Every structure is written in C-alpha cells, then in structure tokens.
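Structures given as structure tokens follow.
You will see two complexes here that share chain A, one where it goes with chain B and one where it goes with chain C.
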Partner chain A sequence: MLEVNNLSISFIQYEKGLKQKTIQVISDLNIKISKGEILAIVGSSGSGKSLLAHAILGILPKNALMSGTILYDGRELTTKRQKKLRGNEIAFIPQSVNFLDPLMKVGSQVRSSVSAGEKKEKQRKIFDRYSLDSRTDSLFPFQLSGGMARRVLVASAVVGGAKLIVADEPTPGLHPEVVNETLGHLRELANQGCAILLITHDIGTALNVADSIAVFYSGITIEISPVSDFSGKGESLRHPYTKALWNALPQNDFNPIDGFQPSHIEQHSGCPFNSRCTFKSSECVSKLPLIRDVRFGKVRCYHAT
Partner chain B sequence: MINTSFFKLILMKILRVLSLLMALCFISFFLVSHSPIDPVQAYVGADMTRVGAEQRDQIAKHWGLDKPPVERFLLWGKSILKGDMGTSMIYRSPVSEVIKQRFLASLALMGIAWILSGILGFIMGIIAAMMNGSWIDKIIKWYSLTLASTPTFWLGLLLLMVLSVKFGWFPIGMGVPAGVLAEEVTLANRINHIILPALTLSITGVANIALHTRQKLIDVLESDYILYARAKGESGFKLLLRHGLRNIALPAVTLQFASLSELFGGSVLAEQVFSYPGLGQATVQAGLRGDLPLLLGIVLFSALFVFSGNLIADIIYKLVDPRLKEGKSI
Partner chain C sequence: MQLEARNLSFRYGKGPLIINNLNLELKSGEILGLSGPSGCGKTTLAKILSGYELPQGGSVKIDGKSIPSKGFNPVQLIFQHPEKAVNPRWQMKKTLNEGWSPDNELLDSLGIEKAWLKRWPNELSGGELQRFCVAKALSPKTRFLIADEITTMLDAITQAQIWNVVLNKARENNIGVLVVSHDQHLINRLCDRVFIGK
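Moving on to the complex of A and B:
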C-alpha cells in the first residue's frame, strides 16, 4: 500500500551571517505498510516522527528538503498525487483538537473532507457511527470533551473514504479509556482494509494495537519488528536500543540505560546509538550500518543476530 | 445567547465611563484654570489697548470669571448635570450647538478616513501576509512602517504643497469655498474640500491596520489548524477564505473600533493644517483662546466618542466570538 524508501528530510538553517547549515532530521528511512496492517512508528520526542507524516501528506514546510521515494499503490506519490489524494484516500489524524479551526463548527469542518455526494448525510452517518449525536454538529472545537474530540478527528479521517490513515500521536495525555477507544477505532478500520501508520512516542500504545513496530532513533529506523517479538526479556528483539527500551518499561525490568539520544545538530557518522551501546566496535563509530533482514524483521546493526 | 454576565459587563462599563468622565472634568478644569491664557484678553484680541480696565472687569463678570475657580466648577458641574453645557465664549452660541455642528463636519471627514483606511489596510495586510517575504510584502511593510512614523500634520502639509499649491488640483483649505454664500455651497464643493484632509487621515491610518492584519494572518497561516486543513486537501484561496479570514476578521474589526482615538487625534492635526471647520479645529481654538465651557464640552464629548468605540469593539467580540459567547454555557 505504502512504501517509503531511503527517505531523508533536512532543513537549511542560517547560522551567523549568511553561513548555511544543513540539518538532517530524518536519514535513510525505510518503511512498508500493507492493507489491513497497522505499523507503529515509535521514537522519543524530537526523533523526527511528525515530519514523516508531513512528508507523506506533502505538507512539509517550504524550507524542508526531501530525498528518497514514497510509493503509494505501487506508483510514486508525487506532489500532484498528494494534492489529489490527501483528504480522501490518504487521511491524517492530528494530535489534538487544536488542529481544528477554533471558529468553525465541527460538523461543517468534517463535511469539508467529503468530496462527493450528500455531504451533510455522509457526515451525519459517520458521526452516528462514532456515537456523536446531532448536537455535536453545531459545537465549536473548544466545547468538545477529550473523547469527543478524538472521535471527531477519527470521523474526519474516515468520512472521505480513506485507504491510508496517518495518525500522528493520536492519543496524547488522554484518559486510558479514551486511548483504548481511539485505538479500537483504528484497529476496526484496519480490519476493514485500511493501512494505518501510527506515530507515537508511547510504546505501550503501539504494542496494544499495532501489527509491527518501527523504532526510530535520531531520525533513523533502527529496527522493524512484528509486535510478537516484544515479549519476555526482549530476547527476540534485534537492536540493542530496542531491547533497552523494552527493558526500561515499568511492567518489565524498569531499568533505564544512561545517556541521551543525540540531537540532529550533532552530525553523527556511524550508528547514532554507539555512545550508549555495550556492543560498540570500531565499525559502529565509522559507518552507519545498512538496514538488513533478520528473522522476519529488519535491523540496522552490525551485531544483531 | 445574551445572559446576565453580558448585562453585568454593560453595567460595569457604564460605571467606568461615569468615573472616567468625572475624573476628566476635574483634571481638565484644573489645568485650564491654571493656564496662563487670559480668556478676556484672548477674546478681545488686538483691540486690547482700546478696552479699559473697567470694561475688562465687566466682561469677566459677565462670564463669571470673577468668582473663585471652585465656585465656577460647581456652577458648571450643576448645569452639566442638567444637560446644559453652557455657552461658548468665542462662538457665542450654546456649546452643544457648536459641538453638534462641528462634529457633523468632522464625522464626514473621519468616517471617510475610517472606512478607507480600514478596508485598504485590511486588504494590504492580507496581501502582505499571503506573499510573506516577497517584494510585495516588503513594499507594504516599508510603506506601513514609514507611514506609521510619519506625523499627520507633516503629511498634510506635504499633500497641500504638492497637490494644491503645485498642481492646483484641490483647494488649499477650509470646508467650503471662500466668498460663497452658505446657500450656494454645493455638495461638489464640500466633497472637493474634504478629499485632501480625508486622504491625509486615511494614508496614515492604513499603516496600523495593515501591519496588524499582516502579523495576525501570518500567525494563523502557521497554525496547526491550517496545517490540518491542508492535510485534508484544502488549498489556495478557498483555504484563506474558510479559515484565514474567519480567524482574522474579528481582531481586525476590534482594532478598527479601538482606533477611533487615534483617528480623533489625527483629525485635530489634519483639520488644523487644512483649516477644516471640524471639531478638531474647534478644540484648538477653544484651548488657545481660553474658551473653558467649549473646551470642557469637547473633552467630555471626545472621551465619550472614544469610549464608545472601545465599548463597541468589546461588545462585538462578546457577541461574535463563540469562545466568549458560549464559553460560559459549558
């Protein structure tokens, strides 16, 4: 359905005077999602996850440079196709109610995603499906509760007949019940044949609902694994960072490792995780490993088996 | 939904304007009664040498200037409460009459400038924000910043020198042609005389609105909801209309009403430069010639005028912005 190959995104910044500096935020990213599958992209804040969503939708800021290819339905997703498909076949679920126009009633905002047919009727039907009564139509975004806002945003994505849904951090700081409800909606959509890219920093959320998980570190995918590999002491996981992440969770060992994720400003050669890794060798410092297949998953590490 | 909180707001505003007006009365009266201008001398003018001390005392007595200031203030205050604003010394007619007549002339002038600068400024702000960073944006920004720091009277003089004196397109000043009977003054005459002062006021008024609208629209265009709207496939002019204008219209309207004070201040200067017989010019005359009743009347009236502008802005916000209108009901 969606295939992202060697995607890199960088920004040009002006330092003192007119000296230019390129900051690479996403390097060499590869992911693939099929129909009916939920792929979760997990990474800590600042690892460049949101930009991936913006790149797929073609709403990157003007000063961003993008390289690599994005294939949708087997064909390249050009700017022209993005313009045509976004809002209907490719839909976006944003982080919060702040992404709705504060001065516009939610009913008519959702109707704007309907491209053809009886707009009002379609919007009403979708709202019914997510148990939003007719009073909701004429509410303003600030009047929605957290749960209602979630359902409105999901409804807005579904109403255009989406086949690919990009959900950027769709459950931030929400009540567990609301989180489960929203994830339930995503699962249901996937079961109906949607491909879903779920971007989150919360690995718990991802494990709940996703089929496979891509782990992001400093703008690089270091591992893509089926969700079943996240079990036990993480023996089936491939990358040392993924193992460390898994074992740092409260329900597992609750054992964090030292150090921080390097920021994009420090240009790293080699593996970005090397300074925190126990398997570090000389080649980890000199050259970034290529992504390779290991046991039904992918990993970017010289030492993974 | 208009609820009790709305009436509470209005009540508070009324209390506030009353206290404001009272404070204004005290301060203005205090200042004018300590001004070095002798109203009698200002009134008699060049004939001063031919007017004896006895006559001057009589004039002063006729005007009540022989009484101590506190007594004069109380007398004035009493009649103000009855709705009588007194008699203007220099125009020798009731103050309310003078203000009414002068204000109508000013109203035409300020109205034209208000509407022109509002609409032009709004459009310029939108264009600049849409083309943020382009040469069009730079020109509009340069124009606005230059004009925002240009004194109104200087611009008025410049327009007079170029358009009236050099090219002779417009009359040099005044509200109607000189030497023409009042009955014979045509509407065309009046329009011809109002163009330059109105232009002066509009040109400077545009800057503020344009810069504010530009910044507000730039903020809106960078907002999350515009990003989301684009992700939903909206784009171009439709996106601007649906989400941009909706979110900048209210601040623009508010700013426009709140700018009445600047407009009033500007009109004082412009009317002085063009000898336009409006309220601004009357203010200057009343101040220079010590016409206390007229000056106080104008002070009170203009305070009310500016206050109403701000009040209207507040009320529009309360009635139109759903976040304020319905915020209480949730």
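Moving on to the complex of A and C:
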C-alpha cells in the first residue's frame, strides 16, 4: 500500500547573515506497509517521526528538502496526488484535540470531510458507529469529553473512505480506557483493510495494537521487527538500542542506559547510537551501517545477529 | 514530617465540585501513587498541594502548620509539559538557577550538558527541558515533590533515567513524592502505596 524508499529530509537554515546551513533530520529511511497492517513508528522526541508523517501527507514546511521516493498503491506519490488524496484516501489522525476547529460544531466539521455523496447521512452513520448520538452533532469541541473528542477525530479521518491512515501520537496522557478504545478503532479499521501508520513515543501503546514496529533513532530506522519479538529480556530483538528501550520499561527492568540521543545539530558520522553502545567498534564510528535482513526483521547494525 | 490535606473541596468558578471532602497524607520519604480517570481532579489536587490553587474548603498543612506563602516552597510541583513550565524568554541557565544552584553532580546524573545552559527553551527537546525542571525542583529545601505525569511524553529510557535520579534524591533527602500517572506499570514499579481518585 505504502512504500517509502531511501527517504531523506533536510532543512535549510540561516546561520549568520546570508550564510546557510543544511541540517539533515531524516536519513535513508525505508518502510513498507501492506493492506490490513499496522506499522508503529517508535522513537523519542526529536527522532524525526512526525516529519515522516508530514512528508507522506505533503505538508512539510517550505525550507525542507526531500529526496527518495514514496510509493502509494504502486505509483509515486507526487505533490499533485498528495493534494488529491489527502483528506479522503489518505487520512490523518492528529495528536491533539486542538486540531478540531473550536468555533465549528463537530457535526458540520465532520461533514466538511465528506467529498462525495449524501454528506449528512454519511456523517450520521459514522457517528453512530462510534456511539456519538445525534445531540453530539451540534456540540462544540470544548463541550466534548476527551474520549468523545478522540472519537470525533477518528470519525472525521475515516468518513472520507480512507485506505491509508497516519495517526500521530493519538493517545498521549489519556486514561487506559480511552487509549484502548482509540487503539481498538485503529485495529478495527486495519481488519477492514486499511493500512495504518501509528506514530508514537510510547512503546507500550505500539505493542498493544501494531503488527510490526519500526524503531527510529536520530532520524534513521535502526530496526523493524514483528511485535512478537518484544518479549522476555528482549533476546529476539536485533539492535542494542531497541533492547535498551525494551528493558527500560517499568514492567521490565526499569534500567536505563546512560546518555541521550544526539541532536541533529551535532552532525554524526557512523552510527548515531555508537556513543552509548557497548558493542562499539571502529567501523561503527566511521560509517553508518546499511539496513539488512536479520531473522524476519530488519536492522541497521554491524554487530546484530 | 507529613504533608496533610484535610477535608479539601474545590471547584473552578461556579462549576461542579471537582474535589469533595478529600483527605490525604504524604509522609517524608514515602513514594505515593495517585491514579484515576481523566477529569477526576488529579492535576487540580497537585496544584492545591503545591499552593498554585487555593481550595474553597479544607486546608493543606505540613505537620499541622500552614505552608509559608513567601520564600522557597517546600512542596515543589513538576508539570507534565516542561515547554509550558519554563519562561521562553530566559536562557536555561537562568531558569535552572531560579530557586537554587544545582551542583554539577546532579546535573551530570540528569545528563544535562554544559552547552545546554546557554540555549533557549525552544532549542531543546521536551525530554531535555524536563531534566532541567527536575533539577530545579530537587533543592535541599524541598521536603515534598508532586510529580504530575512528568514522564508521560518521554521515551522509556529517558523516563527510567529521570525516575532513577528522583528516587535517589528522595532517599538521600528524605523527600516525600506524589507520583501522578496513568501508567499502572510505572506506579507499581515506583510506589509504596496508591491513592485512587474518583
């Protein structure tokens, strides 16, 4: 359904006066999602995961440079196709309820996402499906509870008949019941044939619902693994960072490794994780490893087996 | 020492009572969890305990004495969103040293780099900013720490790093900590007992 090949994104910034510099924020990224699959992108803040969503939707800022290809349904996703498809075939579920128009009743807001057919009828049907009764139509966003607002966001994403859904941090700081409800909606949509890209910093959320997980670190994908590999002490995981992330969870060892993710300002050669890695060797410092297949997953590490 | 909330009640404006006749004690050195559904008043309670809101009924006291409204507040609050908690027009150095001057040992343990002190808040990530907010709140004069979802927005490694530092400091200075969180696993891992809001 969606295939991203060798995607790199960089920003041009003015340093002093007219002197420009380029900051690379995503390097050489490859992911693939099929129909009915949920792929979670997991990474800490500043790892570049939201930019990937923006690249797919074609809403990167003007000073961003992009290279590589994005294929949707087998054909290249050009700017023209992005404009045509986003909002209907390609839908976006945003992070926060603040993305709803505060001065517009939610019923008409969702109707505005319907491009063809009987608008009112389609909106009612989708609200029914998410247990939003007819009184909800004429409420403003501030009158909704957190859970209801989530359902409205999901409804407005799928009302246009989406085939690819990009969900950017759909559940932060929500109560477990609302989290499970939102994730349940995503699973249901996937089971109906949607391809879903779930972007989150919370590996627990990702494990609950995704089929496979891509781990981001400093703008590169360091590992793509099936969810079942996240178990025990992380023996089946491939990259040392993924293992560290798994073992730092409170339900596991709660044992953090030292250091932090290098920022994009500090340009790195070699593997960006090398300063925190116990397997570090000279090649890790000199050259970024290529991503390769290891045991039904992918990893970008010289030492992974 | 003991932080005591007695018969607290609170409402915003003319709204419904969010907190109704609530009693809670937090002892020195104790790690207490606070959990409950969205909208049950967890953040409001955190603000009342640390003096950011005044309750309409009841009181918050330390060992039976009112908390001084001037000078350093022995009850320190750390917020969920660090980017909203720091002054955007202050360099990080000024924010960090506002209440006390954290020593290098604490800065190192939190992984705060010297170069960050000269940065502005918008040049740091949420995880980096939260380290500053934690350092700021861990003054030797702090007796109680209210941590309102302080690692919800952070990745698992940063979360574990920050909590390790907070727990060590709490042990060292015998600080009582209230951990507000939705994450059952985190509460189970950190806390001696849990208070469930309604």
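What we mean here is this: the second predicted complex is superposed on the first by the 305 of 305 C-alpha atoms of A that agree within 3 Å, B and C clash if a C-alpha of one lies under 4 Å from a C-alpha of the other, contacts with A are read in each partner's own complex, and residues count from 1 in each chain.
The definition used in the following text is that contacts are C-beta pairs under 8 Å (C-beta built on N, C-alpha and C of every residue); 3 or more make two chains touch, one makes a residue touch a chain.
Here the structure is a predicted model, which is why all the values come from computation and not from measurement.
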* To do: Based on the superposed arrangement, let me know which partner A:Arg238 touches: chain B (first), chain C (second), both, or neither?
  => neither
* Of the two partner chains, chain B (first) and chain C (second), which one does A:Arg111 touch, if any: first, second, both, or neither? -> neither
* Examine A:Arg300 and indicate which partner it touches, taking first as chain B and second as chain C; both and neither are also allowed. => neither
* To do: Scan A:Leu103 for contacts with chain B and chain C and give back first, second, both or neither.
  => first
* Is A:Ile59 contacted by the first partner chain B, the second partner chain C, both or neither? -> first
* Asked: First (chain B), second (chain C), both or neither: which does A:Phe142 touch?
  -> first
* Give one of first, second, both or neither to describe whether A:Asn88 is in contact with chain B, with chain C, with both, or with none. => first
* Structure fact -> Residues on chain A touched by both chain B and chain C none
* **chain A residues within the chain B interface of the complex** => 54, 57, 59, 83, 86-88, 91-92, 94, 96, 98-104, 112-113, 115, 140, 142-143, 156, 160
* Note which residues of chain B are touching chain A in the complex, please. => 224-225, 227-235, 242-243, 246-247, 250, 321-323, 326-327, 330
* To do: Going by the contact rule at the top, pick out the chain C residues touching chain A in the complex.
  => 37-39, 80, 111, 125-128, 149, 152-161, 163-164, 182-186, 188-190
* To do: Show which residues of chain A lie in contact with chain C when the two form their complex.
  => 43-46, 145-147, 172-178, 201, 203-204, 244-246, 248-251, 254-260, 263
